[in-house]
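Pasting a structure below so you can have a look.
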Amino acid sequence: MIATYHEARTRALERALADDPELLLLGGSLSLPFNPDDGLAARHPERILLPPISEFATAAAAVGASIAGLRTLVPVSTSSFLFYGFAPVVNEAANVRYLSGGASNAPVTFHMMCGSRRGGGAQHEHTLQAMFQNVPGLRVIAPGTPASVDGALHAALTGEDPTILIDHILLAPFDGELGEAPAAVTDPALVRDGGDAMLVSYSLMLQHCLAAAQLLAEDGLEVAVLEVATLAPLAVEELINATAGHERLVFVDESRAAGSPASHMLAQVAQARPQTHTRLVCTLDAPAPFATHLLDEILPTPARIAAATRALIAA
Amino acid sequence: MIATYHEARTRALERALADDPELLLLGGSLSLPFNPDDGLAARHPERILLPPISEFATAAAAVGASIAGLRTLVPVSTSSFLFYGFAPVVNEAANVRYLSGGASNAPVTFHMMCGSRRGGGAQHEHTLQAMFQNVPGLRVIAPGTPASVDGALHAALTGEDPTILIDHILLAPFDGELGEAPAAVTDPALVRDGGDAMLVSYSLMLQHCLAAAQLLAEDGLEVAVLEVATLAPLAVEELINATAGHERLVFVDESRAAGSPASHMLAQVAQARPQTHTRLVCTLDAPAPFATHLLDEILPTPARIAAATRALIAA
Amino acid sequence: MSVSPAVRLERFAAMLRARRFDETLIEHAEMVVGVFHVSIGMEATAAALALTRGSDDLVMLNHRNHGALQALGSDPEAMFREILGRDGGPQRGRGGSLHLCDPEHGVPYTSAMVAGGAALAVGMALARKRLGHQGIVFAFFGDGAMNEGAMHESLNLASLWRVPVLFVCESNTREAAERATATQAARSLHALAAVHQVAATAVDAADAGAITAAMGEAAAELRAGAGPRFLEARTPPWSGNAAFIPQLTTGRLDLSSGEDDAWVQADPILREMRAMTADGIATAELLAIDRAIDERMREAFERAAAAPLAPATHASEGVWA
Amino acid sequence: MSVSPAVRLERFAAMLRARRFDETLIEHAEMVVGVFHVSIGMEATAAALALTRGSDDLVMLNHRNHGALQALGSDPEAMFREILGRDGGPQRGRGGSLHLCDPEHGVPYTSAMVAGGAALAVGMALARKRLGHQGIVFAFFGDGAMNEGAMHESLNLASLWRVPVLFVCESNTREAAERATATQAARSLHALAAVHQVAATAVDAADAGAITAAMGEAAAELRAGAGPRFLEARTPPWSGNAAFIPQLTTGRLDLSSGEDDAWVQADPILREMRAMTADGIATAELLAIDRAIDERMREAFERAAAAPLAPATHASEGVWA
């Protein structure tokens, strides 16, 4: 069936709550305040515990609960709030299995809205995936379609790793195919085919890549679009194979380029296959300005992605 | 003259304390407990304020003091402690000039020991430069020689940006040329010349690259070594030019590859110059194990760097 | 210690600037991108700040900063320009409502992170002390900030270092049974400061006289070299005092309101108005002050709305020195 | 409530296991890479934990974990193997001294971050409560952890949620004038817990009877469904209780010590020994227990030191599931 990203996200969470009657949400909704209400708070009040504005203790409690057998999902809402609770995520959850010699683990999930919601400003529009990908032990998934958010939530809430679910406020209305059974996260996944170049991305930028592909199609250029939803651990071999047919690759990321998942992907492919012609399209090196016309000066837009791709093909 | 890294670091800090009679150290020594005492605490007790074990409030106080005109240097010691005080660094200091419309700024410096001290284990041996490079507004400098630590401290303590000084416990004994006047940070800097390949690195790994170059010289291979001390903002043009003479580049980093400064540098060069043959030598994807024989399984060593370089030249 | 009639009128004007600014903004909410937070109900605290602040003092605000800035005397047109992303906004369109600041009125930077600004304030006060400069630092934050460990660390630091910070907790939440708030197990918010040996008291922040006196006393003690002080400013919770204000009905204040609903009784501005008229100040005089301020806000908004957008170069300039 | 003679001997043995383990390690400090922290002076608290812990209870320790684990009954050879990076270390050579844990004795994971484990403990207690499982959670941490805002947040959460956590603050620092410690402006550490409405008391942790009784009572209240409890365990500061122990003189305990220096008076083991002999327990019996334990520690260390290094594959296995 066809469903919106928001519908798929809500269905996946409903399914997880039904499949695991113990699953606890430590925080409010995955969607509010900036997306339509998913109605979960109303339907499952007993599954939700609303913590104080104490990101550190909340994150730590979620990690501790998961170690003690209570699987917990933390809706962080704006990702930057977790800077207050960074240590329990990057220096506890990520180390539990490793440091306990495999005796314990912490199957906890942190869900957060990353990237620009437009009008949130410099302190509210971060892309934490860039930092989390560098932490061994954290699984970082950043879906960009209804099917992949379905798979991402299923993987996070049934898997054994501490998982960071990178979401994006602006993904809610996008629609796509959605199967009945929980989708598996397949990395990478070809979302659109085309021979002139390939665009590689994730989360909202995947949708921007599809829009850019449309623009390019109007110029008679056929470009493929590849989704890489699992940013860590990155499926390097699979990425290299999936891009093998293409001499021209554009890696698109809402993160700033330095330390971005995209530049790491580009580096892996370039190392394996010199002669590949590559471009990196990232947010320019500035915090997110509040005024949206200024924001559009630094964010990757479909037009900017298309322009970079044309230039690469022309080169 | 020839001086050790530890001597150069101590001299640079002494000079800064003399040149700026207001400069405050919010925390103990830059070198203790794992390096020889620099004697600063004994010589300048009135310049040092020892905070409680409150990384958040300490980091925030340093940022606030710098906004109010008191330049502050925070010796964080082990970098991971700053995960408790991450928000004031990445979401306050970095935004002060930008969000105040240029009216205010925060010339604060955070000095921290990154990478493996050997025997510190998974919670004490992080490479935070990978995360900090992704934050626009933070200046991140990671010197690898006596001359560059001299320049790095001078730049940090006289500059106007919030600066992260990435240091390494194991650098203390390495010696090198040190001029009288404060050195300028020149990025990149050619540390050793050679035509068969070029190694690009920073901090302790720069010294490992020089050791690897020695090993390779014994096989008759001449490899150049390039230091890139300023990781953010990265001097992209200069890096591309400085590597231009080489078809074979090895980027070496103690960070895990995903989100590492090295993979970003590799991506920038590969984008600008396809056909370049590149290798990434990073710490393998695991936390730092306590036992040093296990640690050596995952860290880049001179032998591992030399082997990767040989393989690249042979390819 | 009560204030002179002239100062009282000044304070009344400061309260009205705060209120009318927000009401004007709410009436044009559809023109604002993103969220904004209004200071309705907090005007007495804002006005007390304006009367208490000395020219060397610094002020750290939070996401709910409009009222304090208006009371302090910031240019409403400049603030509207910033909120609308127009050229001439003091933060160059980068900050919007969340980050409004005004160094000329002692506000060098505004953080929108809960407890963020208060934690910075401790360092600013440390700077004042070590540099031997005049001036104290006001740290404004909400009751929610007391949930953050950062506040405890900051209170402990300020107490250990005896730096001149006046912590002002604008508590606009209702007390819960047996505890300070629904999210705070402590019996009161000021107890959380007192335990760190920071002298702490609660005051009715809907009573302009009471909050002015309390803030004035605390500031005087700080100027005399006392350690940090903490004021729990108990603020009447106004339904609109939540984020995501765009969905909000204006709640425009009618000074001549004879109604008797709970908010009209609680409203710090109407309370002060009633008190002033009871003390013999002519209603007409007060209405005239209000009309002038209201007029000024409307004009400021219109000029701001008519201004060109902030130039594109503001987006990525000056990120590094 | 005092304990039976049999239990008292058990407690004495637990204290000695803790002490002799650390002394044996200190004597071979040069064989250890990196830092380690010993529990000398904290043995009474460790032994009280061993007597109080039920089989369903969880325990979170910190960087100074040897003593508690030995008291709880962890295998000394396995711990030495871990500290020496040998095969058979329970953390596979990944954790060393800082991260020793032992799920079979209720310690699923050990964080070396200050306040790290105590913050996790609140979530573990939440799990116990929501899953309807038996058992309470002990959170051990030092006085320094009370500097961390994370502790305040965790105390508030535990109090709001009324989860079964027993916070045990091992305070091994000296009190400063007018305040709890040199880095804590509060008058006492337990006051910092009490303000969050967590029932809190201080106890002399060098008095095996007192700390056993206090911990037993608190645990009983928790098992009966009371909210969280906080014990300030006042521990005699031993000069060696700092990091970077390798430079340390052993301080090996001489049970037959007649000396009269301050430490001999303060030492919880010697205090309990004096008390037991005063209560008529034969010195010979106590010395025999000590000899057996000391012997066991030496043998355990020798076997560990003779073991092969942990296999290289342990370095990067199982980072992700």
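Here are some notes:
Order of writing sets the chain letters: A, B, C and D. Residues in each chain are counted from 1.
Definition applied: contacts are C-beta pairs under 8 Å (C-beta built on N, C-alpha and C of every residue); 3 or more make two chains touch, one makes a residue touch a chain.
Please read all numbers here as calculations on a predicted model, not as lab measurements.
Among the remaining chains, those touching chain A as well as chain C are B, D. For chain A, the chain whose average C-alpha position is most distant is D. Of the two chain pairs examined here, B-C and B-D, it is B-C that is joined by more C-beta pairs in contact.
Centre-to-centre separation of chain A and chain D, using mean CA positions: 41 Å. Separation between the centroids of chain C and chain D, computed from CA atoms only, is 48 Å. Chain B and chain D have Cα centroids separated by 37 Å.
Touching of two or more other chains is recorded for residues 51-52, 54, 56-57, 80, 84, 87, 91, 98-99, 121-123, 136-137, 233, 285-287 of chain B. Residue positions 91, 94-95, 99, 111, 113, 116, 147-150, 153, 156, 160, 183-184, 319 of chain D are each in touch with at least two other chains.
Viewed as a network of touching protein chains, the structure reduces to a complete graph with every chain in contact with every other.
Contact residues on chain A toward chain B in their complex (touch as defined above): 56, 80, 83-84, 86-87, 90-91, 94-95, 98-99, 121-123, 126-127, 130-131, 133-137, 231-234, 255-264, 266-268, 270-271, 274-280, 285-287. Contacts from chain B toward chain C in the complex involve residues 22, 24, 49, 51-52, 54, 56-58, 60-70, 72, 87-88, 91-92, 96-105, 136-137, 139, 159-161, 233.
If you check the complex, the residues on chain D that touch chain A are 58, 60, 89-92, 94-95, 99, 101, 103, 108-111, 113, 116, 119-124, 126-128, 130-131, 133, 137, 149-150, 153-154, 156-157, 160-161, 318-321.
Touching chain B in their complex are the following residues of chain D: 33-35, 85, 91, 93-99, 111-114, 116, 144-145, 147-150, 183-184, 243-244, 309-310, 312, 314-316, 319. Residues of chain B that touch chain D in their complex: 33, 51-57, 80-81, 84, 117-124, 284-287, 289-295, 297-298.
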